[in-house]
Amino acid sequence: MKTRSIIDTEFVVRSIAETAIENEDAFCKLDSVVGDGDFGYSLARGFEKVLDEWDVFDRTDSSIFLKSIAHTITSRIGGTSGPLWGTAFLRASTAVRGRDEVGGADVVAMLRAAIEGIKDRGKSDVGDKTLLDALVPATDALEVAVAQGSSFEKALDEAAKAAREAADATSSLQARRGRASYTGERSIGSPDAGAVAVAVILERLTIQSRDR
Amino acid sequence: MKTRSIIDTEFVVRSIAETAIENEDAFCKLDSVVGDGDFGYSLARGFEKVLDEWDVFDRTDSSIFLKSIAHTITSRIGGTSGPLWGTAFLRASTAVRGRDEVGGADVVAMLRAAIEGIKDRGKSDVGDKTLLDALVPATDALEVAVAQGSSFEKALDEAAKAAREAADATSSLQARRGRASYTGERSIGSPDAGAVAVAVILERLTIQSRDR
Amino acid sequence: MKKFINDPKNFVPEMLKGLALANPDTLKYVPEYNLIHRADAPNADKVTIIQGSGSGHEPAHVMTVGKGMLDAACPGDIFAAPPVDYVYETTKLLASPKGVLLLVNNYTGDRMAFEMAQEMARADGIRVEMLFIDDDVAVEDSLYTIGRRGVAGNFFVMKAVGAAAEAGADLDEIIRIGEKVNSVTRTMGVALTACTPPAKGSPLFDLGPDEIEIGIGIHGEPGRRRGKLVSADEIVDDILGAVITDLPFTSGDRVALMVNGLGGTPISELYLLYGLAHEKLVSASITVGRNYVGEYCTSLDMAGASITLVKLDEEIESLLAAPAEIPIRVF
Amino acid sequence: MKKFINDPKNFVPEMLKGLALANPDTLKYVPEYNLIHRADAPNADKVTIIQGSGSGHEPAHVMTVGKGMLDAACPGDIFAAPPVDYVYETTKLLASPKGVLLLVNNYTGDRMAFEMAQEMARADGIRVEMLFIDDDVAVEDSLYTIGRRGVAGNFFVMKAVGAAAEAGADLDEIIRIGEKVNSVTRTMGVALTACTPPAKGSPLFDLGPDEIEIGIGIHGEPGRRRGKLVSADEIVDDILGAVITDLPFTSGDRVALMVNGLGGTPISELYLLYGLAHEKLVSASITVGRNYVGEYCTSLDMAGASITLVKLDEEIESLLAAPAEIPIRVF
C-alpha cells in the first residue's frame, strides 16, 4: 500500500507535469521574447516522458520516487532546463532521504535544497532574472505560513501569490544568466519564462489541492 | 552630314531604347505573371548599352547603323530577348542594305524581315502568344496605311492601334513558346509581355513623331 | 527584399569576383563575359566543356568549374540566358583542338543564344557541339513547348562528361556519354515559397501561406499544379512517384538519388527528405548506389527541393565516382 | 510555417536517420541518444572527439562527423542542449583509452549538460576533458553573462583538433591546440530574417521588412543592435570591422576567412560577401591564406551570414589543410 507521503508526492509531481504539458505554447512564447522560444517545448517533452513512465517509478519512499523522476528529467529534458530541473528534483529527493512521512517543514527543506541545487548548477542567484526569482520568495512565503500553522492549502496559496508577484516583477530586471542575458538591456520589459512557470505551477497546485 | 534616313532611323531606335528603359518595371511585371519577371530588366540593360554607345555607332547608312545596333543588342541582352531582338534588328538592317534613302515601303519591308527573323530564331508564329502577335498585325496596318498614301505619322498611329488591340487580345491565348508555355492553360488570362512592349513602343513612337 | 547586395545590376559580377578571389590558383575571371574558367584551360589534350545558362542557380554552374567538371561557365544575368557574345567569346577563348562541348539547359533563350554562338564559332573553324539537358518531368514534352526543361539533373551530365573529358575521351565519345546520362536522369521539384530576384525586389510569384507549387521550374516557372502544404512524407510520395514512373525506374534498378535544395531550405530538411526518399526506393526494390544531399541547382532564395534519380550502369557509376576539384567544398 | 516536416517532434530523429541512410559505410546512428558516430570509432589509438550542442545548426555538428573531424555528435533538440544522458551515454560508448575530448559551445545549457556528463563519466573511470568554444564577438564577456557564445568559428576548432587526433596526438596536446585555435578565432553574424523552429511554427522574433539584427546569435538571440538594411558593402564593413578590432587582427597577419551562411541565404550572396571581405582585408594588409564560403553553422532557415577570421600560424594552417572525410561533400 502507498504511504500518505507517496500519494502527496505523486499528486504534486503529476500536477507539475500536467501544468508543463498544458502550458507548452504559453511557456514557449514567454521564452521567445528574449530567449529562443523552446522552454515550453523542453519542459513538455520531459514531463510527457515522466507521465509515460509513471507506473514504473520506484515508490519505496518519497525520496526514492523523486530521485527516479529526477533521473528521467535529466535524461530527457535538453537545454538549460534539463540540468536545472533535474538537479532541483535530485536535491529535493536528497533532503528527505530515508524519511517515511513528509510534512510542511520537510516541503520547505526540499524547496531550499532545490534552490541551492539550481544556484550551484546555474551559477546564479536571486536578481539574475531566472526561475529563482519566483521560487525563492514563494518558498519564503510557504515557510512563514507553515511556521504560523496554516493549512497546507493555505500555505500553498500564499506561496503561489508570492510567486506570481515576484514573477511579474522580473519584468523590470535585466537578465544576467541564461540565454536572455545576451540581450543585455533589451531583456528589461518582459518577465522571465522560468519565473512565470513557477507561478503557474504553484497556482495550479493551489487550486487542485483545494479540489482534492 | 547625316542623311535624312539616318536621322529618322536614329529617332526610331532612340525612341525604342527610351521606351524600354522607362518601362523596365512595367515590362518586368508583365513577364512575372507566367514568366520569370526579367523581360523589362533584360531590355533595359541592353538598350542602356545602346544609348551608352550611341555616339560611336557607324552611321554610313541606315543599314550599317542598324547592324551595329543589332550587334550591341545581341551581345548585351541575355534571355530570350537578346537573340530575338538582335535577329530582328539584323534582318531589318539587311532589308535596306545599300539604300541611301528609306521610305514608308522600306519600313514595311524592314518589319517583314524582322518578323521572319523572329519566326526563324524562335521557331514560332502568330498565335503562339509572343511579341509576334502584336508585331504582325501592326505591320499589316502600317502596310495598308502606307499603300493608301497616309502620312507616316498617321500610318504609325494605325500600327500602334492595331498593336495595342492585338496585344490585349493575347490574354485569351495559351502560350506555346517561351517560358510561359510551361504553364499550359494557366497562361490564359494575362497578356504577353513582349506583345504589350511592341504596343507601348509604337504608341510612344506615334506621339513623339507627332511632336517632332 | 532582404538580401546581401549592393547594386542589383552588379549582383552577378560581384558574386563572380568573390568566387575568383576565393579560388585564385584554380579559377580565372573575365568580367567582360561573366566568364569563369579553369586557370589551366584550354588544354590541347582535352575536350573543353562549357556551360552557360542564367545565374541564380549557384552552385550551378560557375561553382562547378574545375578539374573533372567544367572548363568554363559564362552565365547570363539572374534567370536570363547569357548574351550570344558571352558564349561566342568564351568558346573562342577556351577552344581546344579536340573540340568544345556546350552544355545547354533546354530553355528557349539558352537554346537560341548557344545556337547562334555555335554558328559563329563554327564559322571561325572551331569544332563545337551542343548537348541539351532536359531532365524535368514536370513539363510534358509536347508540340506546344520547346520540350522539357533542364534542372538539377544537369549536375550528373556535367559530372559524367567532365570525368570523361578529363580522362581524354574524344568529342563523339563525350557526347554519347552525355546523351546517355541525360536519357536516364529524371527530376521533379516543389516550391514552398517564391524566390526574389534582386532586380525585381519582390517575390516572383504569389504562394499562399499554406500553398506549394508542385513541379516548380528553377526560374520560378509554375509547375504541374498548386497544392496544399502537406507532410514531408506526402510530398516525397508525390514528387518521387512522378520521377519513378516517368522513366520508369523499376524494381531491381540501381540509382543515384539526389535531394537538391532550391536555396532557402536548410540542409537539415534535405536530409529528412533524403531519408524518406531512400526508404521509399528500398521498398520499391530500387537500390541507392550513390547519393547526393545538398544544394546543386538552386533558384536564388526559394524554399523548396527537388528529387533526381539517375539509372546507374557501370560506366555511369564510375564516371560519377571519378574525382573532381571544384570550388564547392568544405576544406 | 513552410517546411519539409512530418511531426515537428520527430524532426531531429528523421533528419539523423536520413543522414545515416546517406552514409551507410561511414556513420552509425543510435536513435536513443540522437547519436551519430563514426562507424570505426572508438579507436584505441586515437583520442575521441565529441561535440554536442543543439540541433538546427546543420551541417554543424552531425554532418561533420568523419575521419579527420568528429568521432561523434549527440545533438539535442532544435536549439536545445542535449540532455545530460545523451552526452554521458555517448561518452561511454565512444570512450578510448587515449581519452575523450568534449567540444562545447559556450552556452549555459550546454555547459551544464556537459559538466554533469563529464562528472558521471569520470566517476566511471573514463578520462574526459572539455573545451569551450566562444568565438562570437557580438557578446561582451562580462560578469553578467556566462561569457561569449560559440558560433561558426567552432568549425576551425573541430577541424584542428580532429586533424591532430587523427595524427595520433595525445589529449593534452589536443587541448592545447583546441584552446589555441579558439583563442585566435573571432566571428560576428548578421540576420536579415528570423528563423522558424519547427515546434514553434512561427518566426522566433520579429524583424521589420527593412530591419536587420547585427551580432545575431545562432539560436536567434538578439545581437548588438537592430539596424536598417544597408548595402552588402556597409554590412561587411560593420561586422568584419567588429571582428578585426576584437582580437585585434593587424597588418601583416595571415588569416583564414570564413563567410558562413545562416541557412536561408543562397551561396551566390555568400560569394558576393566573400569578395567584399577579401578586398577589405587586402587593403588592411591582412593576407587571406585559406578561405571558406558556404554553410558551416546555421540557424535553421534564417537569412543571414557570419564572418569568421582565424589568425594562422604554421601549425594551425597545416591542421586546417589536413584531409577529412565528412558527409558534407559534393561527390
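A, B, C and D label the chains in the order they appear, each numbered from 1.
The rule is short, and it goes like this: a residue touches a chain if its C-beta (ideal position, glycine included) is under 8 Å from a C-beta of that chain, and two chains touch if they have at least 3 such contacts.
Treat the numbers as computed from the prediction; the structure is a model and nothing was measured.
With each centre defined as the average position of its C-alpha atoms, the distance from subunit A to subunit B rounds to 75 Å. Centre-to-centre, using mean CA coordinates, subunit B is 32 Å away from subunit C.
A straight line joining the Cα centres of subunit A and subunit C is 55 Å long. The multi-chain contact residues of subunit C, meaning those touching 2 or more other chains, do not exist; every residue touches at most one other chain. Among the residues of subunit B, none is in touch with two or more other chains. If you draw each protein chain as a dot and join the dots that touch, you get a simple line with two loose ends.
Contact between chains, as defined at the top, is found for A-D, B-C, C-D. Chain contact summary for the complex, subunit C toward subunit D: residues 2-6, 11, 14-22, 55-56, 58-59, 63-64, 159, 192-193, 209-210, 212, 229, 231-233, 235, 263-276, 278-279, 291-296, 298, 300-301, 303, 305, 320-321, 323-324, 326-331.
On the subunit B side of its complex with subunit C, the touching residues are 28, 32, 34-38, 41-42, 45, 74-84, 86, 121-123, 174, 176-179, 181-184, 186.
The touching residues of subunit C, when paired with subunit B in their complex, are 9, 54, 76-86, 107-109, 112-113, 116, 139, 143-146, 149, 197, 199-200, 204-205, 217, 219-222.
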